[in-house]
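We just call them A, B and C in the order they show up, numbering each chain from 1.
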Amino acid sequence: MLPFDSLISATQLTPEIISDIIATTDNMATNIQQQGRIDLLDDKVVALLFFEPSSRTMMSFQSAAQRLKAGMVFAQSASATSIEKGESLEDTIRMVESYSDIIVMRHPRPGSAAIAAGTSKVPFINAGDGGNEHPTQALIDAYTIAKHKGRLDNLRVVFGFDSLQSRSIHSLSTLLAQYPNNHFTFTGPAELNPSTDMLNELKSKGAQCEIVPEVNLSDGYDIVYVNRLQEERFNEPALFEANRRKYRLTQDKVSGTDCLILDPLPRIDEIDTAVDCLPNALYFKQASYGVPVRMALLSMLLGKAI
Amino acid sequence: MLPFDSLISATQLTPEIISDIIATTDNMATNIQQQGRIDLLDDKVVALLFFEPSSRTMMSFQSAAQRLKAGMVFAQSASATSIEKGESLEDTIRMVESYSDIIVMRHPRPGSAAIAAGTSKVPFINAGDGGNEHPTQALIDAYTIAKHKGRLDNLRVVFGFDSLQSRSIHSLSTLLAQYPNNHFTFTGPAELNPSTDMLNELKSKGAQCEIVPEVNLSDGYDIVYVNRLQEERFNEPALFEANRRKYRLTQDKVSGTDCLILDPLPRIDEIDTAVDCLPNALYFKQASYGVPVRMALLSMLLGKAI
Amino acid sequence: MLPFDSLISATQLTPEIISDIIATTDNMATNIQQQGRIDLLDDKVVALLFFEPSSRTMMSFQSAAQRLKAGMVFAQSASATSIEKGESLEDTIRMVESYSDIIVMRHPRPGSAAIAAGTSKVPFINAGDGGNEHPTQALIDAYTIAKHKGRLDNLRVVFGFDSLQSRSIHSLSTLLAQYPNNHFTFTGPAELNPSTDMLNELKSKGAQCEIVPEVNLSDGYDIVYVNRLQEERFNEPALFEANRRKYRLTQDKVSGTDCLILDPLPRIDEIDTAVDCLPNALYFKQASYGVPVRMALLSMLLGKAI
């Protein structure tokens, strides 16, 4: 059902594939609501290798596997595995592939997902490899936009506030750049503007891009996608503090706009909690879509989607 | 089946509710014996958030969920979660509620259970919030007494040896104080006597209370409920050592009495292992009731009890 | 189906028992291939107590339990359990036996498995107790040899490179010594030769034993079973480095021989990765047999094998 065995990068996700995954996700969401759990992967075992902490991604993959009634095997934490004894990632994968029918891996090293997928005889899903890629998050974000805007093209999207380091912003903008007439406005502290490489990549795919120090969300934007600022990126605490106050969504900035508010979470200071009650505050709904999207992926990669 | 969606405190447990839970627990115990596992929660997913180590409570909740064939999702340990990145407990719950049908949480902070339950859209069970409350332990204790004494009233109960800090003693005495003619004798090192607040609270509910430095268990007591002394509560090692020897159940103190011996465990020095073989040594049986009691609670809160 | 309730030591495994386990393992392997998962232990709960990290053993027991559709309960890591609070191993087992139908335990202390099995009312499997025993690994090794050589007798086996400390070499050689006409050649750094006790034990069972500093694998050997050298066993880094280079299987040493290459893994330096593609390189296949062997053991100890 998918033209690949392993999902390593958001660049594998063409509009046609995304459209298939969205349709399957809709089915999965309906199944959860009507039946709670379904027998679809009852004969499969999913390996969850989280060699780096990740509560959100880990728990939503667990929930996806359990709602499909798959069995699960877990690695103990990275510090508790053979990896510490010096075993290569390839050897670890050769072991785990014989204990499971599909492998989901989060690993701190950029590029590790490609190595693991290249070794594995069973399907593989990259659940984040360092600062490199997090394709299932990009799919969740795309699903949220498709669901609540009805389209993935002709969008005016604001990305903030750390576009330099965020693999979520990188993956989602790359994915959306494939669709016609998308326009990206990057905002945030100058230190955290997207790299020239990233901008050139997006432009080469046809997206219009601009970088601005400040943005007025009522100027016809469709989506604002934000993430937290990390203190360690700033030389002085005072500079961090100033940016933290400036780059923060508050009720007065977002209420009354049609702008959907997304955040891959965890949320620290980038969105005021007073925003949570607004109808366009979609970040918790976005998190909830992690389960049906990952159910769709597990099923499709195992040739079992419905 | 229960007049609440979330179990936060032993004070929610009226005699009528306790009676319902005991009846359901009996059914669950029979089910385990006859069938091993039953399909009752086959369509549900239980989230187990243990942000503080707890082998006994954690494993018995796991066992309860598995014997009901529920799916499970786990948080990685507290130090490995977004909580470390500064996410609020409310945001964590908003995430987990979309991954599960019921949340069980242990958290080091007193009062965290009420906050979590107030946020959660799915039923919630407090599995211990710091030194505050541990209502499912109180239910296990009450079930043990009801099962082996045939009643929860007209009891003469000895509590020792650290009534000051034990949330188990606090919760169980509060629960039993609701029944007529219960009499509590607190014993142990003077430093660890119950607080005046706690005594007043118990007396206001109708329980008779006394504090004594020593007690003779053959003087018609029905139950002796003990927990371990913690070395760090004593200023001098010699003082701890003296108390440790004095406040310790041995065969000569308990054999020949009708006094049921309970302990929330783990047991360190407070009960000599020679006591284990006596017919009134019930602490391991008490621990075993953790599974059917928690099966009853999970089922009843999900509206599925049988 | 087995003449014991608990598997503690490879010395319990007579040729007749091994033969039964091999037959059941074959059935389990067929079941995995044909059905993925089977309902055999659908009514059971398996407790996995890993008080010491072990990715391979832990994950293959999880996979075995899940492929049999058993429920699972886990202890949190050793540092996160009551064991840290001073609870005895006996008390821990008395708790866990009431939460499960069979206990699998890895523990750092030699002899702990016998203590736990002596306490437990439910069947028990030793998944490694310190440097003492690891009987399920010995069964996996025996299964691999039986499967690929067609016999467990009349074998010429090379063991290297650390026969002194390896519980895997200890357990497998003990197991094979029961069969007629087996011949063991130990090789490796002199510091890591097997102990005189171990040699005497093997000889007393009828095995022929020799120790040699070097071996030519094309001299009619049937099996070479190796494990990694540990740096901390050598006084000087230079000595370790020299041994590490010398005692290492490379293509030129093994290709063209009929010698099956086994390794309990993880593999560090003891086998060059260029060897992996050879038809006699069986170590990843050997690891994969961990699942059906452990399925066989869980089922047989629970009286449910097919």
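Here is the rule we use: a residue touches a chain if its C-beta (ideal position, glycine included) is under 8 Å from a C-beta of that chain, and two chains touch if they have at least 3 such contacts.
These numbers come from a predicted model, not from an experiment.
Asker: Report, in degrees rounded to the nearest 5, the angle of the rotation taking chain A onto chain C when the C-alpha atoms are fitted.
Answerer: An angle of 120 degrees brings one copy onto the other.
Asker: Counting shared numbers against all numbers at the contact of chain A and chain B, is it over half, same, or under half, different?
Answerer: Different: when the shared numbers are divided by all numbers used, the fraction is under half.
Asker: For chain A and chain B, let me know how many angstrom lie between their CA-based centres, rounded off.
Answerer: 40
Asker: Counting only residues that touch at least 2 other chains, which ones in chain C make the list?
Answerer: 77
Asker: What residues on chain B touch chain A, complex-wise?
Answerer: Checking each residue of chain B against chain A gives 42-45, 47, 71-77, 80-88, 90-92, 94-96, 98-101.
Asker: Can you list the chain A residues touching chain B in their complex?
Answerer: 35-37, 50, 53-56, 58-60, 62-63, 66-67, 69, 77, 265-268, 273, 284, 287-288, 290-291
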